[in-house]
Structures are given as structure tokens and as C-alpha cells.
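The two complexes that follow have subunit A in common; it is paired with subunit B in the first and with subunit C in the second.
For the complex of A and B:
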């Protein structure tokens, strides 16, 4: 999908994901985690038809399985003993905690994965430039330099090959040739970078305070979204402080009954990108109907 | 008011005995297109770099430079960056950002422009340069020509009054080089930006330049209109600059010395053809000479140096094939030149032949036990040691020929004795190429592969290289080179080929190759093809013309 949630201002989407991450980590009630997980699955399907998930779900499941199995075995905290394994008690609390922790891990990983799809390298750099302009500038220069160095090293190695320098019999000789190649790369790059420095000065680098080209602009809907997100976060935090959406595992399982209002707000928060995407789809349908 | 006013300018590099520039006085008018030529080391790059405070090299400067009436020293750094734009020779060295649009904004960001202004400038410049389709691409995906266009566009973003360009097309192939020059001419014509351009390939630039400045040993040798200078060089028979005349002009001057002087000196194919049409029709009887048929050597028919059959190559499993169905033979003592556009796979084929890459399919057979020599485009990749001498000795050590006569002979042949103690990076580009040739030849290869050896060379260096390669050929070596340089190939090659879309399309002796081609042929052939369809060199045409009848 090109429009929808992917198209909102990077700062808004970054704030959303930060909020979501904090919520996931704080509100560890299985129901809440399940809600977040479901929403993320749908969001994954919306953003790239689930391509990203398809390649990693096996790894995620394996990891979840390991956590679920290991946690009760190594942790004997909790008061309800189910059984004994090699003289160690297996408690109900640590079994449940294993499940919840596995779910938490997977949800977080899935969130990071979708966040990476939404906040592309470009957008990430834009965000960095906001906070750390110099660092962002250096990152861009490095991004430019790495492929350049790579192609130069390939050229050097090609020449070394035709000169028979790689024919060294022993391992030490090979290491020597490799070091030599790196040395050539370094000297060559230093030589070229002198020219780059002159060229940078020629285009006025360092002559005044740098500004930065703004590729993304806040629109009305971005402000609107920020406002909704603010209101929702306030109410979620308010409920959270009172203990809603949380579960205590040790010494024994304890949780507050589900607060309908709090859970609904949480669902809306998690499903916010899905709604935005759906809105986009409906809008297209409407446009087609009207024309 | 003049854009530049240079008075008695002199410049000496630190620790140098001789000054690079001596007593140069120069005026550049607003909106002028000034072309600066001259051999490598004549000081033209230094002169160009002195015209902008921020690019001035370290050294002792005498005389004064005024920019729009103000001394260059008094021009603020910001004004200088805005008003004087500079483009250098190496496209890669000038790009610091990783995507095209970032690089375009780079200069404006440096000067702290407001984002709205940047957007406006982008919206203007990007369509002018036709960069819309690659605006968001990463820089590494661009071709050399695109990179240089990007550098020009990035400079134009600041709306400069002057453009200083230091051999901007030296690293480009002719098609993209022409595109670059055309754009430069448009900028000069439509925006009245003053252009000061240093170049080696002057022929194609003569029609655009208002004024030509030829430099020699740090002083101005000629200054004036291109055609006037051409005539002057011809009359003086100046050995240093006769190479700078266009072949068409040379033909005209050699033949047309008896024609009426009312005809302006032709410098382009168009003018040359118009002149030759008239000349041939009035002097047809005089073209009595016979076409000099180059004898095709068949003595090695059954004795190939290398045989390739059905080569296929691609860079990765999912990548497009670069080479397809490549089959050809190379015979001993040949001088083969392979042409082809950008990305046709020429360099890849060379790398395959040198054994750097392996083909996916097909066979490649090298018939001699001797190695294959490979001269890469960039000499930097060869230099692993701190001095030229060490570099040569290490290679000789590797090959166990340190005490042989061959080693000393090579050093002597390529004039490397005087620079044995210098760092390979401190010697001139021409000397670097000599060193690389010596390093490659040390293994005594029978087949020498060269990747665009004439790139960025001045005419004199090119002639020397031609001579060296010819010598090698006479010594029984086989030469296979990839090039864009049609005039160079026409003067030296014994066989030519063309690569298109990964396949070898034509492969023939130069006569057939150049006379059958419409685009890939010499300027002389394009001018005379209607009347002398067999000729493609100035010498060939001259041989057909029997001028002994004239008193």
C-alpha cells in the first residue's frame, strides 16, 4: 500500500510506534497483548500482503516455543505447583508467564518489523536530522561512501587477480595480499577525498549555518491524528495507573476485571493504522462510484 | 563590465622551482563561452582553480584577479559559493550525499536557504535537466554521465553567474559527453551564464566557444576566435598545437590552400561536407590517386591467440545477462578495438578475457602458455607500494625477473628512471599509465587487454600511447582494447568490432568497419563519404588527391 498509514508524516508515525511499544511493554495482560498482536497481523497484511511475516513466522514460532518451554523449567517462582520436573517445581504462574512473555516478544518484533516498513530509511534520516542534524548528515555521507568503497575494492581485487597476487600458496601470504588491497583502498580513498573536500568548500560547505530541505510537511490530518493520539494515550495511561490492562504473575496470578471503556480505547489505539488504511480503501471506492 | 579581469597572474606551488603560471592577463566578458586548451601540465587547471577563492591551491600567488570589479579576496564565502559554480573532472569525487535529490539540495543547505526557496529551485532545475525519473535514485545506480549532469545541476541550483568546468567530460563516453556539452551551451545561451571550460577534446567545442585560449608552460600561447587560432597554428606549423586542429580543418588546409579564402575555415562535419561537396565537384579530375588497400594478413589464420565461443555472462542469478552468444577469435599481432555504447558489456567482456570473471556458459581458450595482461581503467588500483621503484621491484620479485635484462629494458622503455623515488600518486596521469603498462608487461603477456586507455588523455599523450601500443604490436604482442575513441582507432587498429546489447554485432577490418558505419565512423568519412566512400582518414583522402598538377 502506498497511501494510507504509510503516507502520514514520519514524526506522527514515529510517535505512534513509540506509544504502541510503551503500551505493549506496560500493559501485559494477555487480552491486551492479543489485541495488539491481532492488529499487527492485520497491519502486516495491509502494508505488504504479509510478505514480511511469511519469511519470519517460522523463526518467531520457534522462539516463542523456546520461551514457553524454558521459562517454567528455569523459574520456580509462583505459588501454584502443578508438577515436578527433576525435583524442580513447575508452577502455574511461570507457565502462564512463559506464554505471556512469548506473546510480548513476538508482538514487539512484529511491531518493529512493520515500523521499519512504514518509517523507511529516508524517513528515519529525516527524523534523525530533526534531533541530530550533524549525525544525520554524517550518516548520509557514509551511505554514499560505502558503495563507492565497495566498487573500488572490487576494482583493486580484480587487478590483484590479473597480476597473480592471489596465487600466494600459504594462508599468511593471502592475508598479506588482503591487507595490501585494503591499504591501496585507504590510500586511494584518501587521495580522492582531498578532491571531495575542495568540491565541498566550493559549494559553500561551512560558509553559513546549514538548513535542511523539508520533504515532509504536517497536514491537517496529521495534526488531527496527533490530537486523537494524545487524548487516547491520556486515557490509556489513566487506566493503566489504576492497574487496568495489567497482570501480576508472582507470587500468584492477579488482575483487575476488564474495564470495557479502557479496553475499547486500547483496541482503537492498536487498530488506528488499520482504520486509516481502510479509510483510504473506502475513499477509493467512493471516488470510483462518483466518477 | 567584465566577469573576470586577470592581471599579471603568476602562481608557484610550494617547494617548486618553476612557477606554474607566468604573467597571465585575461578578460572574460559577461555571457562569454571561453574554452581553455593545452597539454597536461600547462597550468590550465591551476588557472581555473585560482578563479575561485575556495578552490585555490596552496602556493604563492602574484598579480590580481577581479570578479565583477571586486577583488576575489573581498568576495564573501557565501557570495563566492553562489556566484561562481565549479564542476571538476571526476564525477564521483563531487558527490557527497547518497541520493540524487539530497545532492541537489546539498549546496542550498550549505548556504542555509529556506526550505520553500529550495523547493522552488528544485522545481525549476530538475525539469531543465530532465532528471525527474531518477530524482529519488541512489547515487551509486547512476552512470558516469548522469553523475556529471547531477554535479552540474547541483551547481545550477545556486544560480551562479559563472561556471568553471575542469575537463568535465574527460571521464564520459562521447554520447553522454555531447549531451553534457549541449546542456552547457543551452545554459550559456538561455541564461547568459559565463562559461569557462578546460578541455582536451576541443573539436566538438569549437562551434560553441566565443573565444579559445591555448596555454603552454604556464603562459597563454594563443588567444582569440577558434577559427582564427586554427589558421594561425597552421600557418606557424606549431608542433605543440597542430594536434588540436580538427581533422576536417586539417583536410581543408592541406587541400584547400589554393581555394578562395572567402570560404570560412570548416570545423564541423556540416561545414566540412559543404566545403568538400563544392571542392570535389570543381576539382573531380584531380582525385586520381588510388585507394590504398590495406592488405589483410592471413598468415595467422590457424593460429589464434584467443578463441571465445558462445560466451554468456550475468552478474547474478536474477540479473539480466550482460553478454550473450559472444564468439570470436583473436589472431597474433592484431590491434583490435572494440566499440559499444554505455553499458553494452565491453568492460565485462574484457574482465572475462582477463580471467577476473568466469562465464556462465561457453568456452574461452587462450592458446599460448603466456599470461594475459590487463590494463584497468584506473591506475590507482595497481599501486600497493610507496615508491615507483618499490612497486616495480616487487612485481619483478613476484615474477623472478629482477636481474633480467627485460626488467631494466622495460624501465628504460617507459622512461621510469627519473621517477623511481616518487610516490605513484605524485606522478602525472600519463606517467601513472606508463607505470601500469610496465607492470603489466613485466609478466611478458602475449595478449594485452586495455580498458579505455585514451580516456582523459590530451592529444599529445594520446599520440605517445598510440606509438607505444604500435611498438608492442610490432614486437609480436596482440592488443585488444575497448574504446570510445573513434579517431584513435581509425589511426591504429587492424580490426574493429562493435558490441551492442551484449552481442558482438559487427567485426571487420577498419576500412569496411568505418565506411559501412553511419554513426561509428570518423569525422573525415562523414564529410567525404558521398564522393570517396572508401576513405575514412585524412591520410587516405590525401593519398587520393593528386596535387602535383598544381604548380
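For the complex of A and C:
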């Protein structure tokens, strides 16, 4: 998908994901986590047909499994004893804790995955440049240097091959060969970089504020979204402070009954990008119908 | 309270990095200094390519330590933590990014503390330093997972985490020690020459 949620202003989408991350970490009631999880699955499907998810779900499941298995084994806190394992009590609370936090972990990792699809590298740098201009500049420079250094390394290796320097037998020999290439790369790059700096200065580096190459404009819908997000965050936080959407594990499981209003606002928050994407699709259909 | 360890730890981490980056942003720096920092970080990112034939051997930590030693704690922190951001741009950002920034940043920073001491001329000391940091780095990287997802944090959890990452940490530590023992003198010479030639980071 090109339009929809992917196309909103990077600052708004970044704020959305920061908010979502905080909500996920804070509101740990399984119902809330499941809502967030479902919405993220749909969002993954909408953004890249689930391609990104397909490549990582095995790793995620492994990590979740570790949390599920290890938690009850190492903790004997909790008041409801289910069974004994090697004379250690396995409590209901620690089992539930393991499952809930495994779900939290997966949801959080999925959020980061989809956030990277939405906030692509150039948007990430745009945002960084806004807070940390010099750091963003350094990162851009590094990004340009990486392919350059790759090609330099190839050149270095080609020369080394003609000199027959690649015949290392053991591990230490291989390390020496590799470090030899890296040494050459270091000298070469540092010398070159200082030339770059001289020419940068000649073209006026540091004489005025830097401008950004990529520009994003806040549109009406971005302001509108910001406003909705603000209102929703306020109500979610208000309910959260009163204890809604959270679960206490020790000494025994405890949670407040579901507050319909609070849960609905949370669902809307999680589904916000999905709605935006759907709205885009519907708009397209309408335009097509008209023509 | 334990439920909030993950968000709280992230908050503490990010806040503690603010002063370093603030200072880096505000400080008056010449073009040379900025390009120098970018080049060293880029070498840190590309450095793993020549080592492709040696699984588990990565020179990034070596480069971070060497840049701390020659450029000082400030630049060491920036180079270390920026290398983490850059390598995650390719491998994927996640809740581990701030931890990785901290781990490599502190590695560069602590190396920088030894810049003007005479003990850093002893390669055995540098090898020891790198060896210890191989383990520290792994332990810091374990933290986000352990703090965030296990409760209560008994000593068995910590022991299990250390045991699970022991093999990787040991290989990291041995790599650091070997590289620092064999090549630190030469790198210090090369980088030191550049620093004095262009009057960098005084």
C-alpha cells in the first residue's frame, strides 16, 4: 500500500507508535493485549501482505516460548499452587504471567516491525534531524559511506589476491588477513574523509542552519489525527490511572471488570491505522465509480 | 511496580543518553571532526565484511574501543551508540536499540577514560579490557529481555540468562582480546596520526 496510513506525516505516525508502545507496555490486561495484537496482524497484512511477519514469526515464537516456559519454573510466587516440579511449586499466577508477558513481547515486537514499514529510513532521518540535526547528518553520511567502503574493500581484496595474500591456513591467519584489509581501509578512508571535510568547508558547511532535503507538510488530516489522538490518549490514560485494562499477578490474579467505554476507546486507538487504510480504499472505489 | 520495569528502564536509558547527544549537538565542531566520526562509525559497520569467513568474529567492538582510546570518552560514546543505530537500520530496530546504544556507547566511553593514561600502551591491558567488555556487552544486551519479561527476578533467572548467552559472550570477548592484543598498537598509530595531522577533537 502506498497511500493510507503510510502516507501521513512522519511526526504523527511516530507519535502514534510511541503512544501505542506505551499503551502496550502499560495496559497489560490480556484482553487489551489481544486487541492490540489483532489490530497489528491486520495492519501487517495491510502494509505488506504479512511479508515482514512471515520472516520473523519463528524467532518471535521462540522468544515467547522462553518466557512462557521459564517464568513458572523460576518463580514460586503466587498463592494458587497448580502442581510441583522437582519440589518447587508451580503457581497459576506465574503461569499466567508467563503467557501474558509472552503476548506482550510478541505484540511489542510486531509493533516495531510494522513501525519500520511505516517510518522508513528517510522518514526516520527526517524525524532525527528535527531533534538531533547533527546526529542525523552523521547517520546520513554513514549511510553514504557504507556502499563506498564496500566497493573499496573489494578493490583492496582484488589487490591482495594478486599478491597472493589470501592463503591463510588457520583461524588466526584468517584474522590477520581480514585485519590487513581493514587496516588499508582505515588509512584510505580517513585520508579521503579529511579531503571531504575540506571540500565541505569550502562549500560553506556550518555557515548557516542546515535544511532538510526531504520535506513533509502537515496537512489538515494530520492536524485532525493529532487532535483525535490527543483526546483518545487522555481518556485512555484517565481510565488507566484508575486501574482499568491492567492485571496484577502477585500474590493473586486481580483485575478490574471491563469498562466498556475505556475498552472501546482502546480498540479505536489500536485500529486507527486500519481505519485510515480502509478509508483510502473506499475513497478509491468511490472515485472509480464516479468515472 | 515490577510490571513497569520495561517502560521505566527504557525511560531511564533514553534520559541518560540525552546529555551526551545534547553536548554533541551543541558543541562547536569543525567539518573534519564530524566527517572523522562518521568515517570511523562507517568502518565499524562495514568491518564485519572482511570477517565473513570467520563466523562469530566481528571487529565492531574493537573499532569502538580504538576510537574511544584515540578520540576520548565523548566521541567514543557517540561513535559507539551511533554504530548501534546504523547497524539496526539494516537489521531492524526494536526495544533492544537503546540497550545496544548504551552498551557500545559505554564501551567507547570507558575506553576513552584511558586515553591519557600510560597503561593503555600495554597491549595486555587492552586485551583484558576488551575481554571484560565482551561479557559486559552481552550482559547489558540481556537486560531488556530479563528485566522486562521475568518476574520475580530471582538469581536463577540471571544465571540462566548469563548461561544462555555465555557462548556468544565468550566468543565476543575472545575476539576483542585477540584483535586488541595484535592490532591495537597499529590502529592507535594510524588514528593518532590523523588526529594530530588535522587537529581533531582537542
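Criterion: the second predicted complex is superposed on the first by the 271 of 291 C-alpha atoms of A that agree within 3 Å, B and C clash if a C-alpha of one lies under 4 Å from a C-alpha of the other, contacts with A are read in each partner's own complex, and residues count from 1 in each chain.
One rule holds for everything that comes next: a contact is a pair of C-beta atoms (placed from the backbone, for glycine too) under 8 Å apart; a residue touches a chain by one contact, two chains touch by 3 or more.
Everything numeric in this text was worked out from a predicted model, so none of it was measured.
With subunit A as the common reference for superposition, the partners subunit B and subunit C occupy compatible, non-clashing space. Of the two partner chains, both subunit B and subunit C are touched by A:141. An angle of 70 degrees, to the nearest 10, separates subunit B from subunit C at the C-alpha centre of subunit A in the overlay. Here subunit B and subunit C are compared by how many residues of subunit A each touches, and C touches more.
Of the two partner chains placed by superposition, only subunit C is touched by A:132; subunit B is not. In the superposed model, A:105 lies in contact with subunit C only, and not with subunit B.
In the superposed model, A:117 lies in contact with neither subunit B nor subunit C.
Of the two partner chains placed around the shared chain by superposition, subunit B and subunit C are both touched by A:205. Using the contact criterion defined above for the overlaid structures, shared-chain residue A:256 touches neither subunit B nor subunit C, since it reaches no partner. In the overlay built on the shared chain, the residue A:165 is in contact with subunit B alone; subunit C does not reach it.
In the superposition on chain A, A:214 contacts subunit B only, with no contact to subunit C. By the document's definition of touching, of the two partners only subunit C reaches A:174; subunit B does not.
When the two structures are aligned on their common chain, the gap between the nearest CA atoms of subunit B and subunit C comes to 9 Å. Taken together, the two complexes place residues 141, 143, 181, 183, 187, 191, 193, 196, 198, 200-201, 205-206 of subunit A in contact with subunit B and also with subunit C. Residues 3-4, 6-7, 21, 24-25, 29-32, 34-43, 45-47, 49-51, 53-54, 57, 59, 78, 82, 85-86, 89, 92-95, 145, 148-152, 154, 156-157, 160, 178-179, 182-183, 186-187, 190-191, 194, 197-198 of subunit C are the ones touching subunit A in the complex.
Residues of subunit A that touch subunit B in their complex: 122, 140-141, 143-144, 147-148, 151-152, 155-156, 158-159, 161-165, 180-181, 183-184, 187-188, 191-193, 195-196, 198-214. Per the touch definition, subunit B reaches subunit A in the complex via residues 52, 54-55, 76-78, 80-82, 86, 88, 90, 92-99, 101-102, 105-115, 118-119, 138-140, 154-155, 158, 351, 354-356, 371-374, 376, 378, 380-384, 395, 398, 425, 439-440, 443. Looking at the complex, you find that subunit A touches subunit C at residues 22, 25-26, 28, 63, 67, 70-71, 74-75, 77, 97, 101-102, 104-105, 108-109, 112-113, 115-116, 121, 124, 132-135, 137-139, 141-143, 145-146, 149-150, 153, 157, 171-172, 174-179, 181-183, 185-187, 189-191, 193-194, 196-198, 200-201, 205-206, 246, 248-250.
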